[in-house]
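First chain written, first letter: the chains are A, B and C, and each begins at residue 1.
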Amino acid sequence: MVETLISALVAGLLVGGLYAVVAIGLSLIFGIIRVINFAHGSLLMASMYAGFWLWRLCGIDPYLSIVIVVPLAFIGGYGVQHFLIHPMFQRERTYVVEPLGVLLLMAGLDMALANGALLLFKSDFRAVTVPYGAAAIHLGFLTIPITRLILLVISMLLALGLSWLLSRTELGNGIRAVGQNREAAALCGLNVYHTYALTFGLGCAVTGFGGCAMLPFYFVDPSMGLPLAIKSFIIVVLGGLGSIPGALVGGFIIGVVESVGGQFVPATSASIFSLIMFLFIVFFRPKGLMGVLEA
Amino acid sequence: MAILEVYSLSKRFGGLTAVSDLSFSLNESEIVGLIGPNGAGKTTVFNMIAGFYKPDNGRVVFQGENLTGLRPYEICRRGIARTFQVTKPFLDSTVLDNVMVGGFLQARNATEARNIAWKALETLEFSDRADAIGHEINVPDRKRLELARALATGAKLLLLDEPMAGLTPSEKGHIIDLLRKINEEGFSLVVVEHDMKVVMSLCPRIILMDRAVKLVEGTPEEVCSDPKAITAYLGEEYAARDISQGDEDGTA
Amino acid sequence: MERRSISFNWIVAAILLAIAVIIPFVLEKHPYYVHIFILVFLFGYLSTAWGLVGQSGQLSFGHAVFVGLGGYTSTILFMDYAITPWIGMLAGVIVASVFGIIIGYPTLRLRGPYFALATLAFGLILQTYVVNTQELGPIKLRGAMGLLLPLKNGGDAPAVFQFATKTPYYFIALAMMICAVLLSYLLNRTRIGFYWTAIRSDQDAAESLGINAGKYRLLAFLLSCALTALGGTLWAQYFHYINAERGMALSLSIEIVLVGVVGGWQTISGPMIGAMLIIPISELLRAELGGGFAGLHALIYGLILMGVILWLPRGLNPLVMSGLKCLGDRLWSTNPAVNTPGIVGGSGKVEGR
């Protein structure tokens, strides 16, 4: 019994690393630009397909394809902000209900991306097979797949790196300033819209990084985006808006809760726990666990 | 007959005291001006009377009833209406529809509300613009719209938050006339204003606030010659100059 | 001028209604097209009901839940307790209203995007629960299998809301949609509608005019849930099947949102117009292209949604309305260039304010 629980705990942490890596990018976008990026999951899916086809057609190992996919993801994210979201912000000067508008726009983008992928790639699950795919570390009764462990480490490194970027660099300061008060930031000479686009690009780049690291063990299919995106929202709200470490911690919490909870109720029901937690946070502590910014 | 009595209102925001121990009263059909430098606490007082903030201390009594801490809509139902410093018209509705929203508070159905709205528009000489859409009209018209909407609710007391802000002198004169007209019809007004000319001509009684407290209360002449008032607005040097007439304290 | 606009729109409506009444008889040999019309009316109805929440200023992403609750209630009552769905649908309304209070009360005060996410979360919770649960006490939910409607008399039993041909369903769906739109229209002329407009335009200003925003929002939400639940019963009765996988799904919620937003989600006739555009597109695409192009219709949905948000934020409704107005002016007067100053709320079957 204890062994099963510990296994579930470890599995939960590993899954948590995966959730975290997806949530970190969203935390940046949601926290700074205040956009409910419904399309986040599909953007992840897109970068994973890119990584998959690079492996399938050119034989490039997923970890190596990071070098190609991440810049592409950055450009993609920059483009989304620049071409799609920016016009919405400009319209804000009129009386259009803006935050909901952006939400719907992103929902539309998500639909378009997911179904575009469905058309192009069909609904088959794609998997990358790498020689080290089955390698695992054995600790007593625990079996820890190397690929998942690597992702866990990557998630922590990405969180660390992003936090460092945000707090120690000029770019990061600019991003945080814009996230706190964009009028004031503009008055200080910051190019707000360029900063927003950079932020979106950065968020997508981080997500793309994680996506490639997921390829060795995670199946890709066109519809994988939305469930992961919803999980990411839960994590971001749980961890607290504007907090990258919060997204990491939130990811672990959700992963563990679902994994351990899955020992007591059917796995498909375990997702209800995170949803209920989400509602709890929204109603009673909107700032989340480590929230810095106002909702 | 005192229609509004405010006792020892206080409000803090974190470490900042916005309003401290403010008391005043208003008689029926009176106009009182609330003036003071920026940050004095005037709008906070309004927000407490109108129910947007809950006072930390003190009471608001309207027509004998304790209104302290009630929600804004409950306070409006009991007869206090307010306008906003930055106008808030319903941008997609016509002027008439805007005012009707206020009118529904007294009306039983849409027809009655419409009639009440027309009356309010006529009082404010605004009937010709009844079909204009909220986002089309200019600032002075928005001010009149806010006034008409507040009138339509049937409120006895109107709290007007800087009704003159953003208007040209001639527009201000027009609004002053309208306010006098409203007052003559029996409405009591509390007006927050910065423009001293407006305040002097409109308000027979003025309350001056500075840094959360009430400094002076009285007729315009009384307030203006009070050294505390002069210091609050212009600084100590000016007060010191006037003090040369023989007052004891050189400071306020 | 105002009078002319009113009459003209009503005339157009009457003409459309007359056409709608004849259609099922004209298309008797083509039941598939009748089916498409039924879907248009069904989604027009569901989105109009959903739109009531929009009129009070909130956008719900979990409305499929109420479709499911309504359909499940009436169907379970019929399957296990032999209660005719005509009565069962009223029970569905009650069940949906109870859930509406539970969901609406804490969420309606949240700001727009958070309300959307919260309703989405509630929807997922309920859907996941029903999919995974065979029984809840005496209630047999039947989990992922869903509820297969037992046919009485081979499917020809009007007393229990089962008809042999599509025509009765057609008229019921049409009637429901028209009633929903009319209800929306009438409400907009009364205190409730004015207050909804005020709340969604500027809540602080509304409260300062004596409006209890929370109460009116909840009213809109409950009304919306109740109506949506009725649609759920129609769904179950027409498709002869309802399950949580589809009937309570996020995808259905999104479809309802899509139809409403494309048409104009805070207007009276918008959702109906949205249904008229969106539903035929997807159905015809599905029929013509079939399995080989799975996802094409949803891709187009996504693109249309993006396009509408970017270029037609108010949806199609304003276009249709100004088109009607143009047409009306032209037909009525010899001088079509006459401009009435912004009469938006006075004409019949027009958007809200």
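One rule holds for everything that comes next: contacts are C-beta pairs under 8 Å (C-beta built on N, C-alpha and C of every residue); 3 or more make two chains touch, one makes a residue touch a chain.
None of the values given here were measured: they were computed from a predicted structure.
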Seminar exercise, completed: By C-alpha centres, the chain nearest the middle of everything shown is C
Problem set entry | Farthest chain (mean CA position) relative to subunit B | A
Seminar exercise, completed: Rounded to the nearest Å, the gap between Cα centres of subunit A and subunit C is 33
Exercise. How far is the middle of subunit B from the middle of subunit C, if each middle is the mean of its Cα atoms, in Å?
Worked result: 44
Exercise. Using CA atom averages as chain centres, what separation in Å is found between subunit A and subunit B?
Worked result: 50
Exercise. Where does subunit B touch two or more other chains at once, residue-wise?
Worked result: 91-92
Seminar exercise, completed: subunit B partner, complex, touching residues on subunit C are 189-191, 194-195, 197-198, 201-202, 204-213, 340-345, 353
For this session: Using the touch definition up top, name the residues of subunit C that touch subunit A in the complex.
Result: 59, 106, 110-114, 116-118, 120-122, 124-125, 128-129, 131-132, 250, 254, 257, 261, 293-296, 298-299, 301-306, 309-310, 313
Exercise. So in the complex, which bits of subunit B are touching subunit C?
Worked result: 50, 52, 71-74, 76-77, 81-82, 84, 88-94, 97, 100-102, 104-105, 107, 109-110, 113, 131-134, 136, 149-150, 153
Exercise. Which residues, counting only subunit A, touch subunit C once they are in their complex?
Worked result: 36, 84, 87-88, 91, 96-97, 99-101, 103-105, 107-116, 118-119, 122-123, 222, 226, 230, 233-234, 237, 266, 268-269, 271-272, 275-276, 278-279, 282-283, 286, 295
